[in-house]
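Every chain is named by a letter (A, B, C and D) in the order it is written, and numbering of its residues begins at 1.
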Amino acid sequence: MRTSRLEAFSDGVIAIIITIMVLELKAPRGTNLAALMPLLPALVSYVLSFIYIGIYWNNHHHMIHATRTINGGIMWANLHLLFWLSLVPFVTRWVGENYHAALPTALYGVILLMAAVAYFIVQSAIIKMQGSGSFLAGAVGRDRKGKLSMVCYAVAIGLAFVNHWLADALYLFVAAMWLIPDRRIARAMETNPNGD
Amino acid sequence: MRTSRLEAFSDGVIAIIITIMVLELKAPRGTNLAALMPLLPALVSYVLSFIYIGIYWNNHHHMIHATRTINGGIMWANLHLLFWLSLVPFVTRWVGENYHAALPTALYGVILLMAAVAYFIVQSAIIKMQGSGSFLAGAVGRDRKGKLSMVCYAVAIGLAFVNHWLADALYLFVAAMWLIPDRRIARAMETNPNGD
Amino acid sequence: MRTSRLEAFSDGVIAIIITIMVLELKAPRGTNLAALMPLLPALVSYVLSFIYIGIYWNNHHHMIHATRTINGGIMWANLHLLFWLSLVPFVTRWVGENYHAALPTALYGVILLMAAVAYFIVQSAIIKMQGSGSFLAGAVGRDRKGKLSMVCYAVAIGLAFVNHWLADALYLFVAAMWLIPDRRIARAMETNPNGD
Amino acid sequence: MRTSRLEAFSDGVIAIIITIMVLELKAPRGTNLAALMPLLPALVSYVLSFIYIGIYWNNHHHMIHATRTINGGIMWANLHLLFWLSLVPFVTRWVGENYHAALPTALYGVILLMAAVAYFIVQSAIIKMQGSGSFLAGAVGRDRKGKLSMVCYAVAIGLAFVNHWLADALYLFVAAMWLIPDRRIARAMETNPNGD
């Protein structure tokens, strides 16, 4: 099975997910700043989710690029990832309307955690098919960043019930970790590409 | 006529269908578990429809992959299939809000049955064009799985008016049948690829 | 400028147009046939618009296939066509809710007429660039079907204010004219491909 | 990193943005001209935004076409551009419902300004990577049109609070400037492609 159609289909679904979120930004009733202000939390959660989906698209791009052929298992693992990503607009909307509440904040983390797990499954299925000596296996290494992200999500889910700002800070931290390339990590990767 | 643009267009439509369903998962009014619970049936019907659309995308991929050229009849048969698939979000929404009711449960089966019939028409049109000795004709064989699915849908439509759980079980069974590769069938296919 | 990206972009927009129309089929409030019945006009108008968009996709496919390069004028003429097609979901929704009213029925024809005019402009721009001896110029010939369609739309717009069924019949007639290949016309085309 | 997937993803997002705007054109309640009239401002703002997105697609097409490879920075600069474009449907809806109000008119300009800045960043990142002797650097030159657009947007944002018609006129002027090729500029470009 070729990867090209998997890539095209995933791109299509991710492009739609990243764009339909904006449909949830309802036009304010009034026309002054006071009417616009209540939209701010929705806008902030939209920006955060946009960045997360962008990170997934970027990483997915690189992962599939290192893959020539796929099998049925990988295809379904990929659909499983797209499923969790497709729930991001739903939870973005809920947390955008209720950013101060514990449960929406926690559920945002649950969806991010499940998407991270689903991504890990796709990655593992590709590495299993290619063998541990493959390019992707080398590039991923111990996958510290991926595992740290999952731990952060899990901690954030718990913290959401203590203080939602702590959970929000963790969500921001994980996004920043993927967005801003760490010079030290980059140097370490250069001398030890396997991340050991 | 090339198959590439038919493939790209079908991929686009299927990617949109599978993604816009999530727009129907409206954010709950409250922020506690009690407010989230009523969404559960909608989520379950979303998951089931996501799997069905995923199966169609996967099978469609393989069918078109075994096809070099198409004619006007195949193109319209394919649009006919996309039409029935495009109604899946509508019926998913209805059954998600009324999973206990007979008519929505039955209509879900009607849409699935019509999509299966439409798929059968596309497949037959391609085989007719290619001839019975073609690769696709061999791979499809007697198409027991396809025919069994149609029988299941028809029975489920009737059962929806007796007890909706019976119909739901049949919908799950058909999805599982396509999702989980049957080892015995796979073995039989290996020794007798035509499925006779 | 290459035609491939124009083709891909047009395919994307047309795929979205044909699919988002189904978002307008709102799930009925009740769960019996009486609750489903009011949706029938909306479903019928959806089917008709689905066929029209399908016809445009098909014809657009052939037209662009006969074109190697495009210029800025063709690109904007194509966007102009996509603009009118993008209004089809809007007018489909309106006429689906008010099929018995004159103005929505007439506006449906106006949008179809403008799309036909826009298509004619794209076609003329390509033929002008390629020269009258080109393959597309030969295939289009006098473009009787295209001109007859425009006349039908114009007549239907007027008839909508007399009796909406007459306008509806004309819309159906034009769709059928493009959908069902006329054997006599096909024969005539074979002996005289220019349609003179 | 190849540009092909960046191009495909951007095309997908832009195609969705340009199409979902029409979902905001709600079908009128009544069926006469009086019911249709209130939609006119929404339709006008839709047309203007459609043209703007079309211009961005066209220019983006040319910019990426002059690029072989991209890096992580360009990829994120491109996502940043798509982010601001994704807010166009939101602000189009708001200004369409409140075209006479200062704040929506000004916010429309803010989104356009931010998109123009984001486009400028992508362009600068590509030129920086390619070097000042590259084809794109030559084609862009001093980028007078781009800079004039940004000035117009900034002025329009201020004018929105004086008289919204003046801001609207500036938005129209910028769109026309990109839409209508200026013969004198074209001549100047021919003799001095760097725009100096």
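By definition in this document, a contact is a pair of C-beta atoms (placed from the backbone, for glycine too) under 8 Å apart; a residue touches a chain by one contact, two chains touch by 3 or more.
All values derive from a computational prediction rather than experimental measurement.
Enquirer: Would you pick out the chains that touch chain B and also touch chain C?
Expert: none
Enquirer: Any idea if chain A and chain D meet via the same residues, over half in common, or different ones?
Expert: On the two sides of the chain D and chain A interface, the residue numbers are mostly different, under half being shared.
Enquirer: From the mean C-alpha coordinate of chain A to that of chain B, what's the distance rounded to whole Å?
Expert: Once rounded, the distance between the two centres reads 28 Å.
Enquirer: Which whole number of Å gives the spacing of the CA centres of chain A and chain C?
Expert: About 40 Å separates the centre of chain A from that of chain C.
Enquirer: Touching two or more other chains, which residues of chain C qualify?
Expert: Residue numbers touching two or more other chains: 8, 12, 16, 20, 23.
Enquirer: Contact residues on chain D for chain C in the complex?
Expert: 7-8, 11-12, 14-16, 18-20, 22-23, 25, 27-28, 31-33, 36, 47, 50, 54, 57-58, 61, 65, 179, 181
Enquirer: List the residues on chain C that touch chain D in their complex, please.
Expert: Checking each residue of chain C against chain D gives 1-2, 5, 8-9, 12-13, 16-17, 20, 23, 72, 75-76, 79, 82-83, 86-87, 89-90, 93-94, 97-98, 101-104, 107.
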